[in-house]
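What follows is a pair of complexes built around subunit A, which joins subunit B in one and subunit C in the other.
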Partner chain A sequence: MKLFGWPLRAVSSLLLLLQSGALSAATRPQYGGTLRVAIRSAPATLDPSEGADENSPESRNLSRLMFDTLVTLSDSGKVQPALAVTWQEQSGGQRWQLSLRRGVKFDDGSPLTPDIVASSLRTANLGWNINSSDESVLIELPQPNPALLAELALERNSIVKRSSGTLHGTGPFHVTDWRAGQELSLVATEDYWDGRAYLDSIQIDVVNPRDQMLSLELGKANLVNILPEQARKAVMEGRRISTSPPLELMALVFSRDRQSVDDGKLRESLALAIDRISIKNVLLQGEGEPAGTILPRWLNGYDFLFSKEADLARARQQVSELRSRPSWTLGYDSGDPLARLVAERIVLNARDAGLNLQLAAGMSDVRLVRIILPSLDPWVSLMTVAKIAGLPAPKHAGDGPEDLYRAENQLLRTDRMIPLFHLPLNYGLSPAVRNWVQRQDGIWDLRNLWIASETR
Partner chain B sequence: MSFRKKLLLAFALTVLLSVASIAWFVSMVTRRAFDRSDAERTQALVAQLRREFNRRGGDIARRVEAASGSEPATRMALSLGRGSIDYSVFLSEAKSVADNQQLEFLEFVDSQGIILSSAQSPAKFGYKTTSINLALPIPKDPFLAREELPEGSSLGLFAARTIKAGEKNLYAVGGKRLDREFLSSLDLPPGLRVLLYQNLASGFSTQFFVDPSGTLQHPELLVPLIQAAQQPGAEPTEVVHWSADAVDDESLHAIPLRGQDSELLSVLLVGNSRRPYIELERRIRSAAFMIGGIAILLAILLSSWVASRVTRPVERLATAARQVTAGDWNTKVEVVSEDELGELAKAFNRMTSELLAQKEHLVQTERVAAWRELARRLAHELKNPLFPLQLTVENMLRAREQRPDLFDEIFQESASTLLAEISNLKIILNRFSEFSKMPEPRFQRVDLNDLVEGVIRLFQAQLQVPAQSKIICNTELDQGLPAIGGDPDLLHKAVLNLVLNAMDAMPEGGTLTLRTCEGNSEVRLDVSDTGHGLTPEECERLFTPYYTSKQHGTGLGLAIVQSVVSDHGGRIRVESAPGKGTTFKIDLPLNMDKLSDPVRVEPVATGRT
Partner chain C sequence: MWGTMSTNIASYNSRVPEMFTAWLSCWRRISCVACIAILAAAASAADWSEQERLLSQKIAATTGPAAVSLEVVNRSSLSKTDAASIQGSLRTQLAALGLRFVKPEQSSAVVDVSLSENLASYVLVAQIRQGQNEPAVVMVSVPRSEPLNTVYEPAVMLLRKIQLWSQDEPILDVGVVDTSPPHIVVLEPNRIVLYSLQAARWQQEQAFMIPHTRWWPRDLRGRVLIRKDHLFDAYLPGTTCSSTGSSPLAVSCRESDDPWPIGTEPVTLKGFFSPTRNFFTGIVVPGVGRSGTVATFYTAAPIPRDRYTLWLFAGVDGRVHEIDDANEQLLTTNWGSDIAGVRTSCSSGFQILATSNSDGVSSDTVRAYEFPNRDPIPVSQPLEFSGSITSLWPESGGASAVAVSHNPRTGKYEAFRLAITCGQ
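For the complex of A and B:
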């Protein structure tokens, strides 16, 4: 079963795609058709600047379909032009000037202007000083930020024209109907600056996570989200699966700072008591990788330096040496069955070590969280994770791996977080989907996707 | 207390005691019957619950049996038999099988008790199960067990089955929660309910109660019962008073439920409301009160009717008796029935007729006696003067014949003697005539004290001569005595007669006392002497005309006094005893309404008797 590790699966998926692509090479990409997508939860808002859904893959993907950012990151993490074509860094990264692409229009036909860009960026970043000129915008930051471009590539910095309560974007698709919490209908933007998509429309419906595979089987959806614990079974059943690199961090986050030395030892004992291997092999069905760091190995490269092995004997000994053993409560997302299973197992592991840990609803001492890494830029991801988890923001001292290591290590040594796993994002595809591309950061690239005609 | 009230009281007490006794008896019989019925009902319910438990247990056992024969179980057994267990493969199998068999708990465990797959706690793979102790024989029947869940402990009814896996055994342990839903599904008769106390921790906690009907109020009232049930071998029963109103009382029977190793896991409380009994008791009491009230009302009516039937004739008799006492001897009572009261009325009538006849006879007899007495007195009084008359006339005849020379002298003497005796006769006749022709009183304003003093003055000269009279005269006159209406002459005569009689009664001397005082709308005059006194027989005949105890005298003096007093509307009586003197007591009304002349006339001292 371990053969179905994510890298091999990703490769197999890619091979399948290539194969399918090769097989259908004789069939040219066809314009038209509707991609039916089943998502787990509906976004609270379509406005990317309202970062409540920052941690939602669905929200990120929907933003990418409707809006563009000034720049993007390639799969290797390199900055690519998008709505901005050139940029200049000044004052050590405290001032940035970006020139805008010409001829870009919003879905209402109005042109993209520096003023609109500046206004959109100000909405998403209240601490920035943004000015517009002829065909560029000037961004002045309170502190130098060498990683600004990576931040500008985040979905929350998408360029949005807000007019009378209506949102307009420059993305490859635009909204025709939105019933909040139920469905969203998008149609292709004909004069999209990067070329019209092959699809005519995208129909997005909210489907219970447990029922998404069924939707795929019944042909009600072309693209569904597959839970990590469903992935192996889906592969065994011969489903077409697309797997991203480990992009999701599953971790324990303490609500308060370390209170004392004993408190720190207790937290360390908990980390030692968790049997990640059993959880991965059974509860995660072999998906994901045990995590010792916040960033996955493919982002930081030094994950192996941090222990992920359970040491129950040491944990017991440490606990037995302590004067008191306070009772902790472990919270989790009640709507996430996988989180509940993992939390239950952690409780059992903790009790094996002599720790008083109980599951709880509502406020808790420790919480099991799942955080999507938002960017291929490790600094941006690290800072985003820290922000979502309520940890102190790491200092961006430099761009070298040592700087990253120091910053991440410093975060981990606060004993506020215990990384558990890095999980991939899995999607199931119907056979009709052609040219499916999922980027390294998990975002769907639907520009070249098309639906085979016999299944439209 | 009147006869009618006594009768009413007797009736009412009889009714009250009867009704109260019956009500108490009925209430006691009802209570005993209810207690018996309650005990039988509770026992029946307990038996029913045990059967229901067994039935549910049997159902669970069948489901566990089915689960143990399911394809996932078989695969698990095969894997176990091969010695290769991949927990990841069986992670969801127990849940899937449990859902199919509608079990809330299902675990597949190996012979060491290690969980291969768990429906209620999938994350417990590889851990030892807590729902069964494999060190003990596998129970064939359903059993109670405590299951440790992530959210806490929970009680359940379990069954276990063995699945052969080569040389090893796989065990399927499944069950359902003993929760509110389980208890609600029990088919209970009306008025009965069940509560479950889950003995999940030491001590007592209200949060361990499961009440299918909703939130249990005042669970602390069940503490003694729970603690009693926790004792080995005890199945106590207790009446719990949920409120101050007895209608909310409930009889609770506690059934301890033990687990595989006889550990007390829960206490099942079977409640039987005492409301029907209390309400019945109250109805009985209300009915008793109502019947008692009606009965008392009937008793009042009946007693009134009976009393009137009895007392009215008696009252009529009493009234007639009073009339007879007042002098109406001819009173008759109406005879309205033939019962004892009728006989009594007839007897009364006969009595009054007899009395009347006897009275008339007595009156006639007394009249005859009085006439005889009068004749005797007349003969006696007349004989005295007539004899000298006869002698004198004979003397005169003799003188004319024998001594004609002395005839003139003798004639003169004889004529004087004749005239004196004739005068005596006239006096005697005048006195009789006077008594027979007593005048009607002429009412005037009279001061009785003055009148008494006037009479005393008449005898003062006589009383002041000690040689002639040894009688001392005392007067005790009330100075505030009001004036009365009366005939001064007649009153003077009466007082005079009384004083003369008193003086005549004390020939050797004594004390004469005249006393006046005011009474209730009347005045009192007492005339007392310290003479020889009178016997009771003499007192009775004292006021009879012509009766006298003296050797001489007409016997009319006291009769005249009585006549005067009677004409004034008063009363006279005598108190006397031999050797103790005599007192005449006269009560005279004020008679102011009878005054004919408002001008007072002073009494005249006449000296006549």
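For the complex of A and C:
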């Protein structure tokens, strides 16, 4: 594949993994064992529809362990049945009827019913009119949404039964112990409708990102986060690394709409001034792909139509032609060391072009953001990014590539966002972990994962 | 997702043998095998002509019948040959719509076509520049398809794989029925499907749902056995199905913890299979060895001796247990979890087929072994598969085995008959 850089990395990681003898596909999976996971931060709530951070990989992954959605997306982006087995679209995508799988139970033993599904979806989608019938739910939307099924596959639309302040799911695991912000213990649900997971339990602990590799080396964890800037070093050291497609967007987002033609030209000059290649090579240690679009090419197929090359001379010329040069402040997540490094470099690039940009804590004119693309459906990802970044919602006019191009082009033409990079999500794995699957959307699929017996 | 399927004129991808490559053979005690050879490959390839025509129309609608410069860049995983073919076709289509191709400096429009791709499709993108105007962008997409590739290795004792069937749905096992016309019984997680060979193609004859009240366990396993007094029995965890003997068939399924037949005819045992897991519990009937029970295991295979039978059990503990009436020992092998015995006219007359993934890099393999004493001696080259082997069972009669593998490139499950040819 010459199109994408990430598969090469993924393949090289996989080869390292395989050469270490960590995988032997001819061996049947073994039931039992505990997977020990170190995560960067624990979500404040386990409820996927009430305040869980949909831009957090941790929240998304934990949700998938405990809860199911009505449908899922395959790795090629196709809709697959899950808690719903069939569906019908009416009125051009404004009314949807989904028939539920029979015999599914929540972890408290109660059956999955259309009433509970409707209630769960109402909590997550206040604008939808949702009704239940004998074996199905009917969703009426304020306006047609051809991408509704892909939206239903998002974690925030997980089906949750809420009773007396307790959450119950139909997922492959259920909670036995939860201390907010510290640890989470899960055990396999024996009669899970899609087949009981091989693992007996999962222990999830919050560990400082910088200490996670040590946890892996000491055998305290089987699965840890690898920061983007650490990924190359980890591969060079022969660690077992899993790399997702580049699905985290790093971008600059302006807090206000373009104020004037000159303001637009200044924003364009800033985009031209940023040397993405140098940032990638030095600060990201070769990780990620420079971005000119919100969606990476593996989702949109046309990113090359948008420039991501630095052109300092043109930036300087454009800035010199403008009468006023306002001073902008650039904000970033102070708990993210990588964001700080990138922000500092962007300030230098901007100054080289004659722009007045300085770092700021708190409110700022421009903010460096990192947004996870949550879906393999490009429309859902585009709409989610727009929502998180505060951009106008793109209009879903059709399913063709030109429709997507127009919508994304329109968003970028607002000059509210300057895409910088698409970064992968990396994880480190212990040799005992078998059948590891990180889906194309970055989500762990732990249902088939098992722990080799000699290391349990 | 995007794109529309188009008609069958041009194809730029390798043809994909979809299914229906079948060699059916008798398996009676006679040494030679082959009966019927059927080869029918169905093709499935991305079809581009309609989308090329559509893109050409979109370009022409923007430029009109003008002098243009055309450049085509391949930014996808398409081969050079395919890219050149698309370029040639686009030129032809555009010329038919009145466009003339000139150098950029002589053109009224510059058309840059990129052959790109995303997760779901190939995307053909045309950027059209006319004077100082904003470039126009038009696109079309073609759903992706993936080629199939298998590897074949010659060997001393030749282990051959003959494709029986391939499908998207998981295959647990396939039974071959030596009738006229030949039939195959495909065991899926939720149904049993009977196909007959009609005009060199397998045609579905009947399908029977498998009712079950309990959710299937992960790594679901099952076995189908062709019978003499009725057509077949099928075994799944906690469920057994039996067919009638005459057409049209009827199949009855029931919840049952009855033991599954294991071994290779005529040397067989029955083993109890866990209804909620992917292994045998270790209770076998009649017993083996001194205790009568063995460690939990995935598969078992017998090696008949003059006065006793040596049994091999691929244990859940990852080791191969070698048990006879008096002794049990552990073998040091790189075998996987699936083994099967086959009875042939070659050498000792009994070989063990074992899965492996010894180098950990390539796909799974199956290799034939003999046991002159207590240690395995390889007697064939490893036979490679295009992915993980999900099932390996001896066929009814014991002269061959059926392996099922999952091809990660195509997503298909592929069932093969494995047969040994002597003295190569």
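The working rule: the second predicted complex is superposed on the first by the 434 of 456 C-alpha atoms of A that agree within 3 Å, B and C clash if a C-alpha of one lies under 4 Å from a C-alpha of the other, contacts with A are read in each partner's own complex, and residues count from 1 in each chain.
Just so we're on the same page, a residue touches a chain if its C-beta (ideal position, glycine included) is under 8 Å from a C-beta of that chain, and two chains touch if they have at least 3 such contacts.
For clarity, every value in this text was computed on a predicted model and none was experimentally measured.
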Which of subunit B and subunit C A:Ala38 touches, first, second, both or neither: neither
Subunit A: partner with more touched residues, subunit B or subunit C: C
First, second, both or neither for A:Asp191, with subunit B first and subunit C second: second
Partner chain(s) touched by A:Gly77 [first = subunit B, second = subunit C, both, neither]: second
Contacts of A:Ser278 with subunit B and subunit C, given as first, second, both or neither: first
First, second, both or neither for A:Leu382, with subunit B first and subunit C second: neither
Partner chain(s) touched by A:Ala124 [first = subunit B, second = subunit C, both, neither]: neither
Residues of subunit A at both interfaces, subunit B in one complex, subunit C in the other: 1
Subunit B - residues contacting subunit A, complex: 86-88, 91, 121-127, 150-151
In the complex, subunit C residues that touch subunit A: 1-3, 75-77, 114, 116-121, 123, 125, 127, 137-141, 144, 214-220, 276-279, 298, 316-318, 335-338, 355-357, 360-361, 363-365, 387-389
Subunit C partner contacts - residues on subunit A that touch it in the complex: 1-3, 15, 18-31, 75-78, 103, 190-198, 297-302, 304-305, 376-378, 399-402, 405, 440, 447-448, 452-454
Subunit A residues within the subunit B interface of the complex: 1, 229, 232, 278, 281-283, 285-286, 341-345, 347-348, 358-359
